[in-house]
Every structure is written in structure tokens, then in C-alpha cells.
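Next up: some structures, all given as C-alpha cells.
Both complexes shown next keep chain A, but they swap its partner, so chain B is in the first and chain C is in the second.
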Partner chain A sequence: MNDTALSIDNVDKFYGPVDYGVHAVKRLSMEVKKGEIIALLGSSGCGKTSTLRMIAGFEPVSRGTISLGSRQVQTLPPVRRNVAMAFEGYSLYPPLTVRENIGFALKASKLSQAVVDEKVASIAKLLEIEDILGRYPSSISGGQQQRASLGRALIRDAALHLLDEPMGQLEPQLRAVLRGRIKHYIKERGLTAILVTHDQTEANALADRIAVMEGGVLQQFDTPKKIKERPANLFTGTFVGEPPMNVFEASVSGSGTGIRFGLKDGVHLDYHTSDFSHPVREALLKRQKVVLGVRPYAVRRSADGVTGRVAVNQWLGDQTHIAADFAGGTMVLVEHDRTSLEIGQPIGIRLEPSSLHVFDSESGNAISHGEELA
Partner chain B sequence: METMSPLERILRGIALTLVVIFFMFPIVWIFLMSFQTNETILRIPPSVIFTPTLDNYAALITGKLTTAAGTLDIAFMRNLGNSVFLSVASVALALVLGVPAAYAFARHKFRGSEDIAFTLLSFRFAPPLLVLLPLTQYFQWLGLSNTYFGLIWVYQLICLPLILWIVRGYFEDISADVEYAYRIAGHSWFSTFRKIALPLAGPGIAAAGLLAFIFAWNNFVFALVLASADKQPVTVGALAFVTASGIQYGQIAAAIVLSITPTLALALYAQRYLVEGLSLGAVKG
Partner chain C sequence: MTTLQLKNIVKRYKSQTVLDDLSLEVADGERLVLFGPSGSGKTVLLRLIAGVIDPDEGRVLIGGEDMTAVDAEHRGVGMAFQNFALFPHMSAFDNIASALTSRKSSKEAIAGGVQKVAKLLKIDHVLSHHPKALSNGQKQRTALARALVGSPPLLLLDDPLRNVDAKLRFEMRLELPRLLAAQGATVIYVTQDYKEAMALGDRIAVMAEGRIRQIGTPAEIYNSPADIEIARLFGDPTINLLDVVPQRGPDGAFVELSGVRVRLPGFGAEIVGKECVLGLRPETIAFTEASTLGAVPVTVEAETPLNEKTVTLALTARGREILVSRPAGTPGPTAGPAHIAVNGRAAFLFDRASGQRIRPSEVTSKRNGEAA
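So, the complex of A and B:
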């Protein structure tokens, strides 16, 4: 039994002539299993929407193959691919009411009107748009249009559901509620979904796996937990996580019992050789230059740590963000209690070896995460 | 709207009145002329007081023009029929050719698409007289002189660029995603064009069609050179009133009134569509 819903194999996308135009997606390969929810996460112009449109059939594939189940679809028109899509620009049909817009997608499936009405009612309840079913798209708000558009995609029984920024226009509270409901809806029906988003909270909350893209290249494709704990490279490390990972360039030197990272301004971090496993030690000592990364949540204050000076101290209502001048850069710390630190006050900063992410300074690829090799 | 001082209001009123008089005077004057005989029209000083007569209209409709030198046959009603036929057929053909072309130009950027679209537009820049001489030659070789087919073909120079460029703008205003949403719901490219793109651009297509109709109706020089009396529209047919025994001002005026009535009626009717067409922005979400 083949449980692959979608497989993308070595796909390139050029806008303009192949090999000379804008190279929007570069040698992308990924597989999505049936029943999975995948998030394509990246900043604007990273190729995530191009990828989605190639899967849907709105953009021709320049090179490579896209298969849904066992059939190659990259040359088929959208009508023959059996995918559903929610558009970022909503794209409701202006002459139809919200109810007709949502139910419309089922017309082709030849269901009876009663069944269609029932399905529309249930999805409208899920998305909290029951009260506007009789209205026309031009008379409802952007958030309502977006939910109607989402409903139109989710109501279908397609091989693959593509959701392009499906909740960008919603208020934060509603977004949080709908995330849970939509995930439940998709899982309950065993649907397969690909979600394009630049909102990492959304990606983390909804997706089983996240594909991080940048510059048309797939950087990492893994579970949210793995992406957070074991970022494959410097880009993923700094892109995913809020506030972003602290990074510092460092030189590496080893003595008999210790490893020393030399940062700017003469700051150095000393660790005992036993803080790292043998292979990590070897990998580190092979290099002269590395990039150190540490998550703001993992930075500890300690009297015997390296001195930094508080530059910013913000209480956000549930956590404190402290930015300290440290080794010619800025170190951000997150603490859960309200801390009374004055601007300019010196603090001791301690970076536990288990919280260190080390990246190669040239390729940006991860060398180690804590004690383990990447 | 901001409030105006009384002085501004008065000045505004005067300016508006001047504009209305400037544009309406010829039409009103011709309308009055059409109910007068040549004698009352040509008396000096001119006056708006006269005994109205329907002779001019009667002469046009019966096709018998009585002048001092005798009775002349005029084909005015036939010319009017030609105008209607030529304009309607030209616009219909231009719509059939132009709307799909406009859609293609709006949705698909292919090599040279801008150049082709611009070339079509450039037909509107060139003065018709520039192409008339070679066209006359070609039409004689091809046997197209004095045929409805030939005239309708030449009228595409007027109608096609107009429809193409106006309708293209309307198609570009429709979000492509609306069509994609329809296609992904299980519909072919062609049914998307028919069921989504055409109805959404409908008001724009209607407006472009009406505008093209007015331009076609008012054309003079193509029909003058490329057709003879039995195929000519009213714009050219009106020349028949310049007779050996003088110019028949009364009949000319009546002919003008009759020939502008259809376009005027269409223009008034089209206003609705033009406004509706311009508020198409609602589609964009």
C-alpha cells in the first residue's frame, strides 16, 4: 500500500526562459504522506507560493516531476489533478452568495442539494460564518471572505488541500481558535494538507512537519520539534524561533582539558572537554572559525558568567525580554518572571554547553547541537 | 463636497451654462432647422420663429426629394439601413475576435504579446487617409470594393483595437485567482472563460461594444472611398443633399436628426453600463 500523497522530485521553477529566467524554486524534492499536514514556511519570495501553484497546476513546472499518489501530474491541467485550494486573495465569485460560493465546489461531485446544504452548514459553523451565508462577498469583511474561501477549499473531498496563507486576515483570538478546529477537521477526515505561511506560530500549531524554504531552496523538512531543537543550518536556526536565536562568530581553540570559543572584544567562553561528546570535540577542533547559536530561552544569568550590560529590559506581560550588550553584539535573554534590571547594569551570562548550537562559519550547516553531532 | 461661497456658485453656474450652450447649440439649431423649409432657414436675420413643417422628414422617408430643378431620388432610408447593418456587423465581428484576444493578452504574457497588442492599437494612430489609397488598390484586385464584407473588414481598423484595449483592461482587473478557484473546483479552461471571466467583464465588454458602435457609425471616409451609393451609410449618404440646384439644408438637418438618434439613444442607455463597468473594483476582494 502506497501511503505517499504527494511527491515532488527535483523540481525547478524559472520565471522567464528556463536556465536564464528568475530561478524561483531550486531542485526541490519532498514527499508528503497521506493524512499529513505540511507547512511551507519562509519569508516573502522564498518560493513557497510558487511551489504551491505548481502543485495546483497554475504554474508550469520548468523541470522535474510532481506526483499525486502514483500518477504524475505536472503536465495535467488543474481540473484533472483533484486538489482543493484556498487562495490568499480569497477569490470568491462576486455574483454568488457565501453559501453558494462554498457549496459551489461540490457541484461537480453530483451530491444532492440537501447533502450540500448540510455540509455547508457544518463547515460554516466550524469557521463561524453561519450568520453571513446569505451575503455577497463584496459586503463582508476581509476576514470573513478569507474564512469563506477556506470553507470552499475544506468542504471538498480532494486528494490534497492547498491552503495559501489561510488565516492571514483573521484577528489573533479567532486565529488561535480556528487553528485548533481546522487541524481537528483535517485529521478527523484523514485529509492531506499543505499550508503556506510566513507565520511560524501557525506552522508550529498546525503542521506535522514544516518545510523551511529560503531563496527557492528547501532548507529543512522536519517536525516542528526537530526544527527547533536541531536546526539544520544557520538560516533555519535564526528564522524559526521567537525571539530569534542569538548568534556570534567565534574562533575555536583547544587545550588539554578545555575548549575555548573566542568571541569579539576579547570575550571568551571556556568549556571542559567532557562537556562535549568525543565526535563533537573532534568536529569542533578541526575548525578555526564557527558560529555559535543559542536560543534566548536557554541563556542563563549567573554570577560566574561572562559580563554583559543590559541595554533593553521589556516586560511583555508574561515574560521579560532582556537585551544585553555582549561581545560586540547583542545577547537576548527571555525570563519568565518580571526582572528589575536597570539599563547599563552588568549581568553575568552563562551559556550551558547543552544549549549551544554550533554552525560552520562558511557553509552555515550545523555541526553540533549540545552534546551531539548534527 | 465642500461648501461654496455664493460668488463661487454663481461663477460655476455661468461656466456650466456656457459649456452647455457651446455643446448643445448646434444640435438644437439643427433640430429646429429640420422642421423648416430652405427659405425660412436662409432668411436674414435668422429667427427661431417659423411655421414647422414635416416635409423634410416626409421627403427622406419616401425617398423623393423635390427641388427647384425637379424631383430627385434619394436613398436615405437605405443609407440608414446600411449604417445599422455595417455598424452592428462590424461590432459583432470585433467582439467575436477582440474579446478572446483581449483575454489572451490579459492573462498570458508570451513572447511579443505586448508588441502585437501595441501594433493593433497603432491602427488607431494612423490617419485613415494614409491607408486609403493602397487599400483602394487592394480592394479592387481582391474584388472587395463596394461589398459589405469589405467594408466590415475595414471597419475592424476602427472597432477591433478599441474593443481589444478596453476589454483587456477589464480582464486584467479580474483577479486571476477567481478563475483559478473555479478551475481547481473541476472546470475546464474554456468553461472558466465563459462562466467567470465573461460575466465579470460583461459591463466592460458592453461599454466597449457601444463605444465601438458609435465610432463605426460615425465613420465617413472609408465608406466614401470604398463603397458606392447602394452600400453607403448615412454619413456619406448625406452628401446627396448637395444638389445641382443648391444645398437642401432642411433635408440635411432632418437626416442628421434621424442619423444621430440611434447613437444618442445607445449612448444614453450605455451610461448605466459605463458606470457599472467602472465600479468593477469590487471583484478584487
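So, the complex of A and C:
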């Protein structure tokens, strides 16, 4: 049995003449399995929306193929792709009420009106738009339109659901619960969904795998956990993660039993050779300069650590963000308890070898994560 | 540095009262955050302090002096806006200097002042650029620099990080306290982002419908919200709010979740039978073993990992939704049946009709009063 829902093979997108126009998506290949939720994550102009529009059929591909299941679709019009969509520019029908808009998606399904009504009521409840079902699109807010459009897409039983910034306009107080409900809904029905977002929180919360894009190039396509623990390069490492990963340029030198990273202001971090596997040691010692990365919640305070000075201590209710002046830069620590650290107070900072991400200072590609090679 | 006092400020637009008998005192060197949803009156209040608009009633005192009738440019106030409001035809340097030129400073003094603040804000390398050649972050720093350059004793910042991306917002959230401390100004800071409010405010004034609903330190607001709405505005994920009617037990009041009693320490007979809303912050709930005393059975609907925490949506036996949050990397269930431990001591209780918080201590004193 073929469990591939979508495969994109060597797809290029040029706006303007092929090979001469703006190269928006570059040699993109990826496979999505049935039942997966995938997030295309990146900042504006990274190629994520072009990719979504090519999958939907709103933009022709310049090169390469797109298949849904085993069927190549890149030349088919949108209506023949069996794809449900919720995105900007694919708006609600103004002459229909919200109820009719959502129910309209089931027109072709030959379900009885009673079943349609029940399905509409249930998705409306999930999205908390029950009270606006009788209203027309022009009389509801942008956030409500977004939810109605999402409802219209989710109610369908399509081969693929494409959702563009599905929760961008929701009030923040609703987001956490709605994310949970939508994820449960998609998983329970075994739907395959691709969402496009610039919001990494949304991508992390919903997606089984995240495709990080930048400059039209797929940087990494992996589970949120892998992206967090094993970022493929400096871009992914610093783009995904909140607060962002701490990064420091460092020199590398070795002695008989140790590896030393030299940072600015004469600060150095010393590790025992046994802290890293043999291949990592070799890879590190081949280089003179690297970039060290460490996630804010992996930074430990320890009396025998390297001294930093507290610059900021911000308690946010369920966590504390501490910024310390460290090695000519700033080291951010996240702790889950409230701390009584005073501004200007010295603290010992320890970077466990297992929490170190090392990147090549030229290419930005990851060399190692903890004691393992990247 | 200076002090600010607002006394019984009223501002009406046509028949609508946008500021309703508002009074506020800000101490010398204090950072006060005005926090609230759009339309709550924050920006009007800020403009009124700046002197751009006049109150219909009430007085504005800066440094103890009545400034109500004084023009904006003579109030000694610096201001930065969320939309940057830079002059498009002027370089970053000239934009920043524009705050000084009206004061007839010497050319050298102006250049020195601009350089100094630009360096502090890390834009000294783009001073010759026009706004359209600046990134959003640089524009926002330029606008801040213009507000800071004259070293005004009172600084008004109107949601300055609203239009910058998440990463830059975080960076600036760490940088601003240092900048502002170096400046030594008294600061009024408007934001709609509760994290920014907690991170930057010595105190936070929560505004709604032209009034200050609660004012206090971040800890007071978060740990002791005055009402449901304030509890809902602070915290991510949002606080769980469950309709409950507390019952009487052998050792005080309790509520039932999935048929299991959750004790509410500190609450007595007065809340028994009363229509209440139980507020449970997601981080005060933990997954636990079925054998734990008081463990509440739930069904896990979905796990939605955030970066530094994992959020789980669970359902009680009666289908009530509960969000549970825990530090990322700690174990927990991803689907199916599970149990949670609910800390009644960390729970809030609100009056369902008024939305006001019912404090355990108040109840105790009321009980004593009744006994007497």
C-alpha cells in the first residue's frame, strides 16, 4: 500500500522566465505521508507560500513534478486536485451565510441536509463560531472569517488540506485550546494537512514534521524535536527556538586531554576529550574557528562555571528569562522557577558538552550536536 | 527622572467616555506599563500625558508641577510610537536630531548627542540612511533614539515593539531595561503583550474601558488577578476557567473534576452552593499516577509542544477542556487516558456573576464577621 500523500520532486518556481526570473523555490523535493501534519515554516519571501500555491494549483510549477498519492497533478487545475484549502485570497462566498459557506464544501458529497447540518454544527463548535453561523462574511471580523474559512476546509474529506496561517488573527487567549482541538480533529480523522506559517510556535504545536525554508531552499525537514536537538545549520538553529539559541564565535584548540573553545574577552571553555566522541573531536580539531550554539533552557548555573554578570532578570509567570553579560556578548538562560538574581550579580555559567551545538564558521552547517557528529 | 501624577482625568469623544475619572501616580524613575486590549484608552492616556490632547476634566502633574495647560513641547517629554513615525525625507541622523533642533542646541552638541544614543542603540552605522533604506528593526531603533536623545525626564513609549518580528521583539525586551536604566528616565510604556508588560514593568496598570482595573507589580497581577479578564490576559497558555459550584466537605470546600474532589484550601462555607468559576493556571497542573491521592482522571486529546514547554489538551470525564503545561523534555502522556494532580492551593476562584476574584482571606474574615 502506498502511504505517500504528497510528493514534490525537484520543483523549481521562477516568477518571470524560467532560469532568468526570480527564483522563488529552488529544487524542492519532499514527501508527506498520509495522516501527517506538516508545517512549512519561514519568514516572508522564503518560498513557503509559493510552494503551497503550487500544490494547490494556483501557481504553475516551472520545473519538476507534484504528485498526490500516485497521481501527478502539476498540470491539473485546482478543482481537480481534491485539495481542501483555507487561505487568503480564497475567501468566503459573500452571498452565503457562514453556515452555508461551510456546508457548501459538502455539496458534492451527496450527504443529507441533516448530516451536513450536524457536521457544520460540530466544526463550528470546535472553532467557536456557532454564534455567527447565520451571519454573512462581510459582517464578521477578520479573525472570524479566518475561522469560518478554516471550518470550510476542515469539514471536507480531501486528499490533502492546505492551511495558510490558519490561526494568525485569533486572539491569543483562544490559540492554545484551538491548537489542541484542531490537532485532535485532524489526527482523529487521519487527514493529511500542510500548514504554512511564519509562527514557529504554531508550527511546533501542530506539526509532526516541520519544513524550514529560507531563500527558496529547504533547510531542514524534520520533527520539531529533531530540529530543536539537531539543527542542520546555523540558520535553522537560530531561526527555530524561542528564545533564540545563544551563539558565540569561538576558536578551537586541543591539548593532550582537553579541547578548548576560546571566546571573546579571554573567556575559554574547557572540555575533556572524553566529553566528545572520537569523530567529533577530529572534526572539531580540524578547524580553527567555529560557531558555538546553546539553547537558553540548556544553559546551567553552576558555581564552578564561567562567570557572567546578570544584566536582565525577567519573570514571565511560568518561566524566567535571564540575560547575562558573557564573553563579550549576551547569554540568555531560561529557568522555570522565579529567581531572585539581582542585576549586576555574578553567576557561574556552565555549558554541558551534551548541550553544545557546533557549526562551521564558513558554511554554517552543523558539525556536532553534543557528543555526536551532525 | 521625574514623577507623574494624573488626577481624576476624564476624556470624552462626543458622547463616549474614553477615560473615566482616572487617577495614577508614577514614582521617580519608575517604569510603569499601561496594558490592555485595543480601545481600552491606553494610547489616549499617553497622548494626554504628552500634551497632544487635553483632558475634559482632571489634572496632569509632571515633577509636581501642573502641566495640564502647558504645550506638548514644553513638558519635557520624549515619545516613540508603534508605527515609528519617521520623516521619510530625512536621514536617520536628522530624524533623531529633529528632537533636539527645536531646542536651539549647538551643532556639535546635537551631533554628539545623536552619536551617543545611536551607538547605544547600535544604529551608528546607518545614520546616513533614509528610513526606506532601514530594516524594520533599525527604523524602530531610530524612533527610540529620537525619543531618548534629549534625555527627557519622562519617556512615553507607545507599543514600540508592536511592528517588529518576534526575534527582534525578544532582543529588545532584553535590551530596553538596560537602555532605560542608563537613561534614568521615568517611563510610561504601552503594550498589548503581557510578556512585555511583565518583563519591562516595575508596575503594570491593567486598563479596560477607560479605567484602571488593577495596578500592581507583575507578581501581584499574575498571582493575584483582580478578576477573570485579567487572569485571562496574563499567561500563555491561557488560564483554564471552569464553571463550578463548590460543595461542603468534611475539611472545607471542594469542587469535583471527573467525579474526584479537589479541595480548595482557605475557602469555607460562604462559597458552598455559589456559582463560581475555577481558574487553574496550566503550569500548576501536573500529570501524575492513577494511585496518587486526589488524582483526576482525564483523556489526553492532543499534545502541542511549544519550544520551552509542552502543552497538553485533556478532557475531564464530563468533557471539560483542561490545558496542562510542563517544561519541555519532561515526560508526560501524548494520548489516551491519564491522570492529573490539581493544586487547589494555586487555584483561583471567581464570582461567576461579577467576574471578581473571591480571595481566600476575604472569605475567612467574612466568616469571622458572621460568627460575631
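The rule we apply is simple: the second predicted complex is superposed on the first by the 370 of 374 C-alpha atoms of A that agree within 3 Å, B and C clash if a C-alpha of one lies under 4 Å from a C-alpha of the other, contacts with A are read in each partner's own complex, and residues count from 1 in each chain.
Convention: contacts are C-beta pairs under 8 Å (C-beta built on N, C-alpha and C of every residue); 3 or more make two chains touch, one makes a residue touch a chain.
Computed from a predicted structure; not experimentally measured.
Residue contacts after overlaying the shared chain place A:314 against chain C, while chain B stays out of touching range.
Of the two partner chains placed around the shared chain by superposition, chain C is the only one that A:181 touches, whereas chain B remains out of contact. Contacts of A:134 after superposition on the shared chain: neither chain B nor chain C is touched. Within the superposed three-chain model, A:105 lies in touch with chain B and out of touch with chain C [touch as defined at top]. Of the two partner chains placed around the shared chain by superposition, chain C is the only one that A:201 touches, whereas chain B remains out of contact. With both structures placed on the common chain, the touch criterion links A:190 to neither chain B nor chain C. In the superposition on chain A, A:84 makes contact with chain B only, while chain C stays out of contact range. The wider contact with chain A, measured as residues touched, comes from C rather than the other of chain B and chain C. Those residues of chain C whose C-beta lies close enough to touch chain A in the complex are 165-167, 170, 173-174, 177-178, 195, 198-200, 218-219, 222, 232-238, 281-283, 301-302, 304-309, 311-313, 321, 323, 325, 327-328. Against chain B, the residues of chain A that register as touching in their complex are 56-58, 77-79, 81, 83-85, 87-95, 104-105, 107-108, 137-138, 142, 145, 149, 152, 156. Residues of chain B touching chain A in their complex: 175, 177-178, 180-189, 196, 199-200, 282-285.
By the touch criterion given at the top, residues 43, 172-177, 179-181, 183-184, 187, 199-201, 204-206, 224-225, 228, 241-244, 296-297, 311-312, 314-319, 321, 323, 330, 332, 334, 336, 338 of chain A touch chain C in their complex.
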